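Each of the next two complexes has chain A plus one more chain, namely chain B in the first and chain C in the second.
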Partner chain A sequence: MSEKLVDIRDLTVGYHTKYGRLVHVLRNVNLQIEPGETLGLVGESGCGKSTLGQAMMGFLRSGSKILGGQVKYQGLDMFKLSSKELEGIRGKQIALIPQNAGQSLTPTLRVGKQIMEALDLNAGIKGEEAKERTVELLGQVQLPTPDEMATRYPHELSGGQQQRVAVAMALAGNPDMLVLDEPTTGLDVTTQAHILELLRDVVKEMGTAMMYISHDLGVIARVSDRISVMYAGEKVEDATARQLFKTPSHPYTRGLLESIPRLTLSGIPKSMPGQPPLPGTLPGCHFEPRCQFATDICRQEAPKLESISKTPDDSKKGFGDHLARCHHWEELTKTDFSEELKEVYQDVRKEISTEPAITITDVEISYYRPGFLDNLMGTPHPPATVSGINLTVNRGETVALVGESGSGKSTIVRTVSGLLPAKEGAISFEKFDLTTDVDDRPKELQKRIQMIFQNPDASLNPRHSVDDILDQPLKLYFPDMPQEERDKRKRSLLDRVRLDYRYLTRFPAQMSGGEKQRVAIARAFAAEPEVVLCDEVTSALDVSVQAAVLDLLADLQKEHGTTYIFITHDLAVVRAFADRVAVLYQGRLCEVGTVDEIYSPPFHPYAQMLLGAALEPDPDMEPLLIGGDTPESSPPATGCPFQRRCPVRVGEICDTTMPAWVRPEGSIDHQIRCHIPIPELHAMQTESVAAD
Partner chain B sequence: MIPLIGRRLLMAFLTLILVSLIVFVAVEALPGDMASAYLGRDATPESLAVLREEFGLNAPAYQRYLTWFGGFLRGDLGDSLVRNKPIMEVIGNNLRNTIVLAMTASAVGIPLAIALGVFAALTRDRWPDIIVSTISIFGMTLPEFVTGTFLIYIFAIKLKWFKGVATMPSDAPIDAEFFQIIMLPVLTLTLVMMAHILRLVRTSMIDVMISDYVQMARLKGVPAWGIVFRHALPNAMLPTINIVALTIAWLLGGVLIIERVFNFPGIGNLMINGISDRDLALVQAIAIILAAFYIGINLLADLASLVLNPRLRTARGH
Partner chain C sequence: MAAITPEVAGTQEESLQKRKSPFVETVENLRRSWSGKIGFFLIVFHILLALLSPVIVDALPADPFTREAGRNAAPSLQYPFGGDEQGRDVFTRTLLGGRTLLLVTIFGTAIAMTWGSLVGILMGFLGGRIDDIVMRLIDAFLAIPWLLFLLLIVGIVGTDPWIQMLTLGFFYGIPAVRVSRAATLDYVTREFVLSARARGEKKRTVILRELLPNVTDILLVEGAMRWSWMMLAFISLSFLGFGVPPGGGRTDWGLMISLSRKIMALQPWATFGPIIFLSSLIIGINLFADALAKALGLDRSQGAPV
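For the complex of A and B:
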């Protein structure tokens, strides 16, 4: 068929290791994209998604090469073109929107210049016209004050704004095809939702086809017409978005879907143990070692990608084939997946004591350090980064702090851990005062409060083996413990985080992200802490690994009665894991309550905005976008912290007076801080949900 | 940005004051003073007293420091007793010669080093890179008097292309002949200094070439020259500014050994002469001038970083 925009046939890509061994990255991948179609490409890290995306642009990472097959774009073989011809296609016909826009914009060039460069190269527009078109493009991606934005350098923009610039740059050449490589990973939920809507609009308006690469099925569900699931360098399932989410027919797809925490279902999702093997290293099905349906045939014979059904399709392009690569697909599709899904989520609700572990009273934290000149001239202090925090965390409880980046979640946790001083207020833990610096705390206290960081790559010393990493806290906190006892403890710690004792000799570089995070958890638990502060501990991990880590943390809590303060920007994770939630905006609390209270109306307007923007892995669910996503850099001096972004602000009172805490009727823990009376808020919100 | 520059200028001036104090105290701490150095063995207590009175050496140290440093700021460094001339006159031509030598070496060496560094980075691990890197390592590791002597042997003695020794008075006019004479010193300096800059440019260019934004530029369809000159080089230059400044400062500091090897009438040579004559006023003056150069060049490097790095330039506040 000649109408295909992209036609990838039997594409096999590999590279040679230092030792001369050939490693496959992609194996016999077939992929077609029609004009105007959006294809979602999903899979865990290391499945070859990004390689496939880059190959589509005729680009391979250095060292990699094509071992077979071809990539055709509008009939042209991308890997047979000269570099001159490639330059003519890249940017003009296929444009890339990268994962990390911040790092993909040249730091020494103004963003307007970079877009003008793309216009010049890809549309032949120069001079004054290019300037006008740049401002137009920046307006099209909904950046405020586009003419001023054009004069900024990349570092002067927020993450969401940088991503919008990347979109504008990609649109400069008016391409037929966009390749998007995890473009919203790392952005706040609200920003992500806005960018996705923007992309949907742009694509609809301009008839552009998209290949959207992501590990996040919620995002994929929102944008894709059709979805290809990649596993170990192979396509294992391919169907229309609706069909795939309704009847996932490969155990891997099901595993992915089951491991996502959901807003609508409480409880921790099922984790998928193991990780993908290197492509082409198993004689049978590559998913077999992780598959609960596997039988002998799976070990011996590689399944073929076959059409299992034709599904009626609302788009007239006629891509109705549902493809799956599994010996047992018939068995899988017999049952109703959506019913099965409900049983997957294991509720971790438990009895929580009412004995407080950590009490935070009127805490104010500021990063502002006036200099000599400022003191001399009496420069007024800016409003504190975090202010008026009152929160009690009970023993054995998980309290989640949620909010966008810049909401002060990490700041509060850093203060509790003693890394950052509080300016005002008190934090107490039994008889201890936690406003003291971590170095001044007695060792006993240091031992009892531990912290796990977001990025294990940064928090584990790359030159220490797992053995060293676990040995240190044991030596530090149990100085009298003999060597044999420590060795025994290390093994049992690894066992508890479900790592084999042989991992003791490994170094961080020899482990996957999930394994490293488990080592970081084992290190924290080596101290036998009572309180563990978790700072975005799962946000750098694949969904399948995230579920395992959450499950592990829940088990450890059950076993030891540990108290968690849990920071995350993912509201579904909060729903799955937390007992109580505190919603923060600009360093001030907006709403506090149990999980169930937070996730049903009445909401604080900010909590409603966050929940509305969160995505579920369901193509029929639309996010509810309220207000803008323009981030603010500092809290307002007086009044409600949310005054400048609030879609339902009452009036001047919001700017001048901080609202008092109000308890909705009938609730015990739930508190909201808003000038709108609760019943009114409640009525408004049930209405908007119903209308949606 | 203006307060930022102001702050840097203030810091530079404070550093200069500190250095001048150290230089002054160091010379004070030497046994004897200018008068005894001048009169040498012939000194009688009477003649010393007369001389001290004449040159104001009896005043308290802080007063002499203020006079001296104040004079320096006004461009008057007092008189050299040994040479019986105002110091500015003694130094003037030698300083000019050193500056010309340093500037010529910089003008040749720095662009060459940057170009070769970029070239090596772009041909990374292939033979052009290996050749450039090997030569630069030789240039870096061989002591400069060995390189200098070697070059004299090849170009002056064997090939007879250039003069091996700078047989010229310090006030020689700066003309074609002058440049012919300084050819070999310039070549030696270029070889010696190039390696540091080249290797840093190479490393930082390699880092930049694999960065996301260069990959993005390629996928945007930017042609190769545009990638190198627009997207990569300005970013790769940032970390090299300081080493370039250090190199220029090192050149201006009167490259003692090179000037000695070629007998070049520069400030380094003059300083060595001053030390052997015990011309304390001269040594003190040269020391403070060199310090001022160092501070000034580093200040310029900071300002150049400001111009090249939008992150620093647009920083608000601090």
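For the complex of A and C:
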């Protein structure tokens, strides 16, 4: 084995609360990283991943302290170094790439200048040479026209481009090690896939080691040589990427893997109940309360991190033993996990009625408000944000709207809910016209259409208790209901979203993300709605919680026959949950069909691009990257909306004429809008899949 | 996710054991801070004094309205601050001098904050053209030198305390509109407001139930600060002779300072009394407002965009 680049031994970190109690964040963590190796760190929120990443940089959050162990980088103890010596390592030898690059760049300086500063500070390169190197770096992170990019300000770049600049800055000091803390969270799937490929290439080329922190197992699978699973401040499993995904040997790892929706399997995954406890609060195994394999010994005795198998040295990197912290790992590894996994997914598909609930006809929505002068001068209006939407949502059905950010998904849903006016077209729900403002709708109609939002932190008023929150719709829609009846309803609502009635007195700040989203769901269902609009309801949640929320929504649908319009950018969630899918690009529909139709060829080129970029928790799966990831800010005035990014454009016709809807042979629901004839499209795509 | 949450987990657990209402927590925080305690003491002292001073003065041997102390008399045991230009006892006059000031500014501040914050929240919530028009109007009012305007109104309508209350209440509500509107804009785009609107809640409900509780913190601190500024305005009016009119059985610190300032070099004690009383009140309010802001978790140096 070669020399260790990073050697973390028995690291224990904790802090004192204001009541003087000692709380652990990390407990006896051992980690080694070899030069050029990529270590992935996974776990739910609050498991100590980021603390570990920061400790790697010789940094601790104020109030936290090292209670034991050490962090060694090339033999140097990071917490024994003077701040001067640390300066010599940070940025030059270890560089950090944070989650939100937009916030880590200075808004008032051109990005080129910022990279030159990093070059000066971390590599001692100045003047003309620095300028050249800057352009070189920007080229290395695959930004188009690096010369011109260097002269831009951060706000003139897209999220993905900002993240690329952050990578370039980190590379300026030519470091041996990169610490990445969720660098692609919050980016679109296509952008994420491109950035990950970039990181893989750069690391291979420069021989840089990485510590990659993420909650997303798909991302981790793609970049990591070796993976450490963190739970409650402890390492519970450590294995090569391939081994971890093939034979997960800790119940927690299995739980995580089982709770991910997959592109290849339809149905809702199993959820893992509960949340991680505070580190060091249980005498036995910390996962025991959530574990289905737990026995008496788990309660009494904390398991040790044992070596369960030697990894064959199949690659230079990622060599090491497979470690697991479980009393029952032998039982777990007896069965074939990939076979078991197939039984986990619970199919929620049901008979769908053909009675339409909501019909959207030729809807156009525009945010553009011409000013007085524009009217006077007759300035031409820019193309509408959303245009030509035709969609029928049947009763009891789940229709997913899919697309990157800026594709107009939320805009459409907000128009249906009456928060935004439609410029043209009609939306009808039974005898009602839904293009009216929400305030002008009869109460009966308001009650029947409800909405759930993406971020439960923002959608619940921080000053209201759960009781207040649930009281509001009840008071609004059932003004004659007596107090006792309302109280009874509130309890039964909480019961239906599987929360204890004692939650009534809690405030949002006193609940976890999953609990808050349950309350938000309970609030929507308090109205006994027929249609529920779900705006990215699971994207702010941990995977384990996401599965539970999807499961809950499916159950409520079964019980009440609710119709869902479901917005998401996560194609695996769509696969798990939706009946029909509408793919949107720049506010225009590209492809509509049932889930099975959408997920198999023929595809619209954009749908194929999205599907290709989606990552599965499988280290052997390579994303299929087609075209660039540069997002557009406004739709083109004429022609196909996808013309500028399409990898298979046919010619001028794409710029001038909007393609007509075409129905592939033998399908009833499936429609694609592309100038390429369907059989040709089909042939092209089956070929590329086969080649893959 | 990246927002690593050991702290959150810790507070969660503790909050389960002891769940305090936000009000109790704020009071506890205030009690922990020295400036809060001193400020609170000074404010209470002045309010009690204003309420009780007629009784106290009656019990004292000196009389504030007769010229018994002697013109420009030096301090003595019976007349601790000496006599003013007309021979009246400065000490008893000082005790009485805060009554009108407190009456006018307490109610004036209440009026200012009520209309100012409601209009501000409404404008922040409504947005659009009406917001544009109202805010430009507010800007226009802010551009007027307020003291001249006050003098004009008081000069025309008179110096009745009720008139002053309403005039000051109106003028001091104008910046409160700006502050509450700015605070509201932070919340208006939050999804809980959107969610209430999507439910079909009335505008009034959204403003009073969803928005107001979230900006109360800022408004409380803003109100306390505005109170002290309004006092300075009232004292200025008084100093210029438009606050409490001379004679008529009422007196006021501003007026006293104004009357005695010509002989300040010779007989400083006649101005010291009212100056010390006035300063201690305003310092008390400022200390309290700062402590309140800290107790509520606001940073006054960053917040309050006027």
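The rule is simple: the second predicted complex is superposed on the first by the 688 of 692 C-alpha atoms of A that agree within 3 Å, B and C clash if a C-alpha of one lies under 4 Å from a C-alpha of the other, contacts with A are read in each partner's own complex, and residues count from 1 in each chain.
FYI, a residue touches a chain if its C-beta (ideal position, glycine included) is under 8 Å from a C-beta of that chain, and two chains touch if they have at least 3 such contacts.
Nothing here was measured: the structure is a model prediction, and the numbers come from that model.
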Could you say whether A:15 touches chain B, chain C, both of them, or neither, answering first, second, both or neither? second
Contacts for A:505 in the overlay, against chain B (first) and chain C (second): which applies, first, second, both or neither? second
Tell me which partner A:185 touches in the superposition: chain B (first), chain C (second), both or neither. second
Which partner reaches more residues of chain A (counting touched residues only), chain B or chain C: C
Looking at A:476, would you say it contacts chain B, chain C, both, or neither? Reply first, second, both or neither. second
Of the two partner chains, chain B (first) and chain C (second), which one does A:621 touch, if any: first, second, both, or neither? neither
Have a look at where A:45 lands relative to chain B and chain C in the superposition and call it first, second, both or neither. second
A:117 contacts which: chain B (first), chain C (second), both, neither? first
List the residues of chain A that touch chain B in one complex and chain C in the other. 98
Chain A residues touching chain B in their complex are 57, 59, 86-92, 95-96, 98, 100, 103-110, 117-118, 121-122, 153, 155-156, 169, 173
Quick one: which bits of chain B touch chain A in the complex? Just the residue numbers, please. 211-223, 226, 230-231, 234-235, 308-311, 314
Inside the complex, what are the residues of chain A that reach chain C? 15, 17, 19, 23, 25, 45-46, 48-51, 61, 98-99, 181-182, 185, 213, 215, 278, 417-419, 438-439, 441, 443, 446-447, 450-451, 453-455, 458-464, 472-473, 476, 505, 509-510, 512, 520, 523, 527, 542
Complex contacts: residues of chain C adjacent to chain A: 1-10, 12-16, 19, 22, 190-192, 194-201, 203, 209-210, 213-214
